[in-house]
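Each remark here refers to the structure printed beneath this line.
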Amino acid sequence: MTVKLGIIGTGRIAHAHAAGVSNSPDAELVAVNDLVADVAEAFAAKYGCRADDVEGIAADPDITGVLICTPTPTHSVLIEKFAKAGKHVFCEKPVDLDIEKAKEVVAAAENAGVKLMLGFNRRFDPSFLAVRAAIDDGTVGDVELVLITSRDPEPPPVAYARVSGGLFRDMTIHDLDMARFLLGEDPVVVSAHGSALVSPDIAEFGDIDTASVILETASGKQAVITNSRRATYGYDQRVEVHGSRGVVYAENQHEPGAVIGNENGYTKTPLQNFFMDRYIPAYTNEIKAFVKCIADDTEPPATGADGVIALRIADACFESLHTGKRVRI
Amino acid sequence: MTVKLGIIGTGRIAHAHAAGVSNSPDAELVAVNDLVADVAEAFAAKYGCRADDVEGIAADPDITGVLICTPTPTHSVLIEKFAKAGKHVFCEKPVDLDIEKAKEVVAAAENAGVKLMLGFNRRFDPSFLAVRAAIDDGTVGDVELVLITSRDPEPPPVAYARVSGGLFRDMTIHDLDMARFLLGEDPVVVSAHGSALVSPDIAEFGDIDTASVILETASGKQAVITNSRRATYGYDQRVEVHGSRGVVYAENQHEPGAVIGNENGYTKTPLQNFFMDRYIPAYTNEIKAFVKCIADDTEPPATGADGVIALRIADACFESLHTGKRVRI
Amino acid sequence: MTVKLGIIGTGRIAHAHAAGVSNSPDAELVAVNDLVADVAEAFAAKYGCRADDVEGIAADPDITGVLICTPTPTHSVLIEKFAKAGKHVFCEKPVDLDIEKAKEVVAAAENAGVKLMLGFNRRFDPSFLAVRAAIDDGTVGDVELVLITSRDPEPPPVAYARVSGGLFRDMTIHDLDMARFLLGEDPVVVSAHGSALVSPDIAEFGDIDTASVILETASGKQAVITNSRRATYGYDQRVEVHGSRGVVYAENQHEPGAVIGNENGYTKTPLQNFFMDRYIPAYTNEIKAFVKCIADDTEPPATGADGVIALRIADACFESLHTGKRVRI
Amino acid sequence: MTVKLGIIGTGRIAHAHAAGVSNSPDAELVAVNDLVADVAEAFAAKYGCRADDVEGIAADPDITGVLICTPTPTHSVLIEKFAKAGKHVFCEKPVDLDIEKAKEVVAAAENAGVKLMLGFNRRFDPSFLAVRAAIDDGTVGDVELVLITSRDPEPPPVAYARVSGGLFRDMTIHDLDMARFLLGEDPVVVSAHGSALVSPDIAEFGDIDTASVILETASGKQAVITNSRRATYGYDQRVEVHGSRGVVYAENQHEPGAVIGNENGYTKTPLQNFFMDRYIPAYTNEIKAFVKCIADDTEPPATGADGVIALRIADACFESLHTGKRVRI
């Protein structure tokens, strides 16, 4: 049976997900919505589906799930609307920047009996999945230290940063989720340091662009995250897990190209520039996973509840940064 | 203006090329032919085109080019038919195993005024293109030594090998073309050694599965090719160019995954298994290049004539192997 | 002029330093002292010097410097004795586990007008020196994030750990000094987390074997250190500096050997096993630097004062761990 | 029992071997000879041995072996002299550029009942030994293809080239020996190509500086060697063995240093510059092996006979190059 899907929003990530649907043999994209009619029509033409309004998609009995790819402020209202209409929902993170609202929305989906999957795309990256597999199958033994490096090639516009909820809620949240994914145990205490070294003007509204975070679990496992909003060498995305029996890590991914050697040394290409290059297979896997959890009626591999927990940890990082104290979660 | 294309054959490579057409904004696949009607229909449904017979495709005035993805023995007749019908032709290599016939077909396309592009897919691989770029822009200086390593993960069926024209015409031919692509000068003399170490039974019909070849140009540049029909570690595809000012090389590509370290050392994944994984971007680039040379009315970046020359060198390798002599081309 | 040196202690590190002296064209080892006369004689025979008591070495007018390679509790008394005798002193870290005593000793050397160089060997490692050079010459721009990974292959005996001053003063202190060396600015605040995952019995006397530390400078630069007393894959020693213009890092060093590829992947050797393999060139460079600072009458590149500062930061880590608070230094 | 050794010659390689003797607990250097008395005295002072004439060394009953480190033309006469005096001989390769003379000398040593070990230093390199171990223990299965890359950073002076016996006898001979070491079977046929691309003036006396060689054994195993007298990126020394069960290879060794990443990519250091850096551990191992074969009275791991065979193959390469034919050995 084919899972029929609608998509809300037509930005870059919507294109990635539409391609993900094309690559899912059991799924079909049947409708798209965008505030701008022309844009929706063009998108519909490209992917062979219809343009429709949100109500039309919610009311279509053939559609079993929707992919929400709109800006953050619209997430909670859209999730609630589609949950009420009985549609399973895949939504880009975060559910909401306000944790109480986020909990409400997650509860709403639960009460409506629909699945709510959150776009923690990195959980679906082949190399990070391989890291997780080496934990699950005992290869590295008991996890002791997790290192996560996440650096964007360049800072977002200040206007974006201003409404983003801050570095921890906007960027680090992916790493916090990854830390949970790899630790296999929730952190109970956090220390966060940060500073505005790339864009000093964002300090004005209390934001930072360079950060270091330590998470610790009840059993003493530790995860360390470092973030920067600037990396001249590309999109730096590494995870490493040190355990009692060994270490496992995912290497950075370079742009395609050759290695050149001469009297100055050996030079290979910079890293893939940003998430739309780096995480293509992850986006595809993510949509396949959403389709599969609908088809098999199983729990999504990244739930709304995961989003709430990651947000709670991000809030704790924010508190630690601003109070100068270690914070219990 | 959109370039409308037909495709002949529906095997794995036809699927790769159909995907390549989807990724070419200026091209559209409008018809497919296969001997088996059901298979053609399924292919047509998948890619949104019609199933048709060869004559129908040749006669369709909207179609400006065809992609020939059928077995080698059918290539020459199909190229001639479509050339006569005024269609530009992209054909998987080789044009024909017989060099005289191959020349005839190339001449026929030329006389008909259509382009004949040959599927030397490796010329379109991003890392090999980067190697070539480092030659073209002077980074490595004058080319002196070219090293090409090409090893298949496993041998083809004996039945296939028997009609393949032998290792040099079937497998090495890609490397011979790559050598020309990188040397920037045609080889004039060749020494070839080979043996049947993987499948001793193929020696019966004079074939080999393990080979070493040296090509030398008039100016003294040398290219060395090593081939094997067996590589437990995956599809081994490397090129290296040593020049007066430096070296440039394309590294092997590994399966996605993680690195694991323990008391036994650090282990990364094997190589991507075979050409359908390794050369996905090359296949896409190749079709884009075919579309572009039609749209811009330029010379294809890998012509029928290139195919004839590569075949002539392969024949020289065969002669060198069997006579035990160095052969002038 | 040849710098004549005495050495106190005959353990592994004394052998490394004696070799370092042999490799220093301008230096000569003339005397050795050890509590056990036989051992001192054997050492003397091996390196072509005389065995003598501490007083004899202190009184020898030909000797201009001494290398103190004895256990930590003897450092301060020996430094004071030789300083009083007008000898320049190279001493293994730490000066003393008690910071007040350490300051006293440093002051004593200063008052005596002799140089006191501390064995922060990592400052002399060629790859770490290259990292520092890339900072000094502006290659990586302003330093923003420093990552230091330091993991021992196995824990020391519990008896050793009990008197070592704890992980931060015994092991992390090297990383704290390296952080200062790379940050180019002293840290002003520290957060430290730790747990006893490898040897739970050391928790009894308040020690840990797995730790994460964040250091932050007044200008907002951050350094992150992770430590473990267990690494099945060898002696893990990495530093990475992310700056405004790029990143520079020192890779781990593997045991000599080959790479093997097969269906399980590509495997290279584990890391060099421990400091006596990993830091051979650093030990040699360190002794050369000591000889040179005597010959040129310049400041040693790692002073007693550096040791006091590193110890103060280690004490702050200890306080942060046990109070659960961020600590200002 | 300590093996007492004399050394003839005081060049760079003599220093390397003297250091090798220092690192051999069971050996002692007792005498050195050099044509220039002052130089011999300085060498003697440095290594704590006496300067003596050749006759004195040959007549010293305490000396059981000699290390011949003089220019090639003196090798045969010195070997014969010391063999006659009953000394075991370690000699830098080659025994003699004339194969008949070389055979004579090897026979002389045999008749005298002394060991004659040849300085094929690469057999003692840790990474090449690991490659060989992976063959010997069956890890890579049956050897099928051997690839040897050997490129010098720069050409020798023309004056040296003129008397060197040509590239094959002077440089390739190391690779020919390595090919034998790894093939485990002697080659029976060879094809050699070469040209003078680096120093065109050497073509005048028939020499080359860029070469490609294929060796084939009776069972069909192949070894491919590529050589150049120029490599801007350092001393390029790689071996790779492809077998029925896998591949094993020794990676190039880089100068110590750091990796720098920025918008131009990731750059690591060039290769170690030449043999005196690259093969330090090999030189040490080689001398230890000579001492051990004397102490244990066993066959040296690289004999005069190995030198004769390598020279015979080099002669065959020369013949193949100049006749344009494949040559049987």
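Note that the chains are named A, B, C and D in the order they appear, and that numbering of residues resets to 1 at the start of each chain.
Here, a contact is a pair of C-beta atoms (placed from the backbone, for glycine too) under 8 Å apart; a residue touches a chain by one contact, two chains touch by 3 or more.
Quick caveat: nothing in here was measured; it's all calculated off a predicted structure.
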| item | value |
| --- | --- |
| Chain pair with the higher count of C-beta pairs in contact (B-C, C-D) | C-D |
| From chain D, the most remote chain by mean C-alpha position | A |
| Separation of chain C from chain D, taking each centre as the mean of its C-alpha atoms, in whole Å | 39 |
| Chain centre separation (chain B, chain C; CA means) in Å | 57 |
| Numbers and ranges of chain C residues touching at least 2 other chains | 232-233, 245-247, 257, 261-263, 268-269 |
| Of chain A, residues touching chain C in the complex | 142, 144-145, 147, 149, 151, 189, 191, 193-198, 210-212, 214, 216, 219-222, 224, 226, 228, 230-233, 236, 242, 244-247, 324-326 |
| Complex contacts: residues of chain B adjacent to chain C | 232-233, 254, 261-271 |
| For the chain C and chain D complex, residues of the former touching the latter | 48, 126-128, 130-131, 133-134, 139-140, 245-251, 256-263, 268-269, 281 |
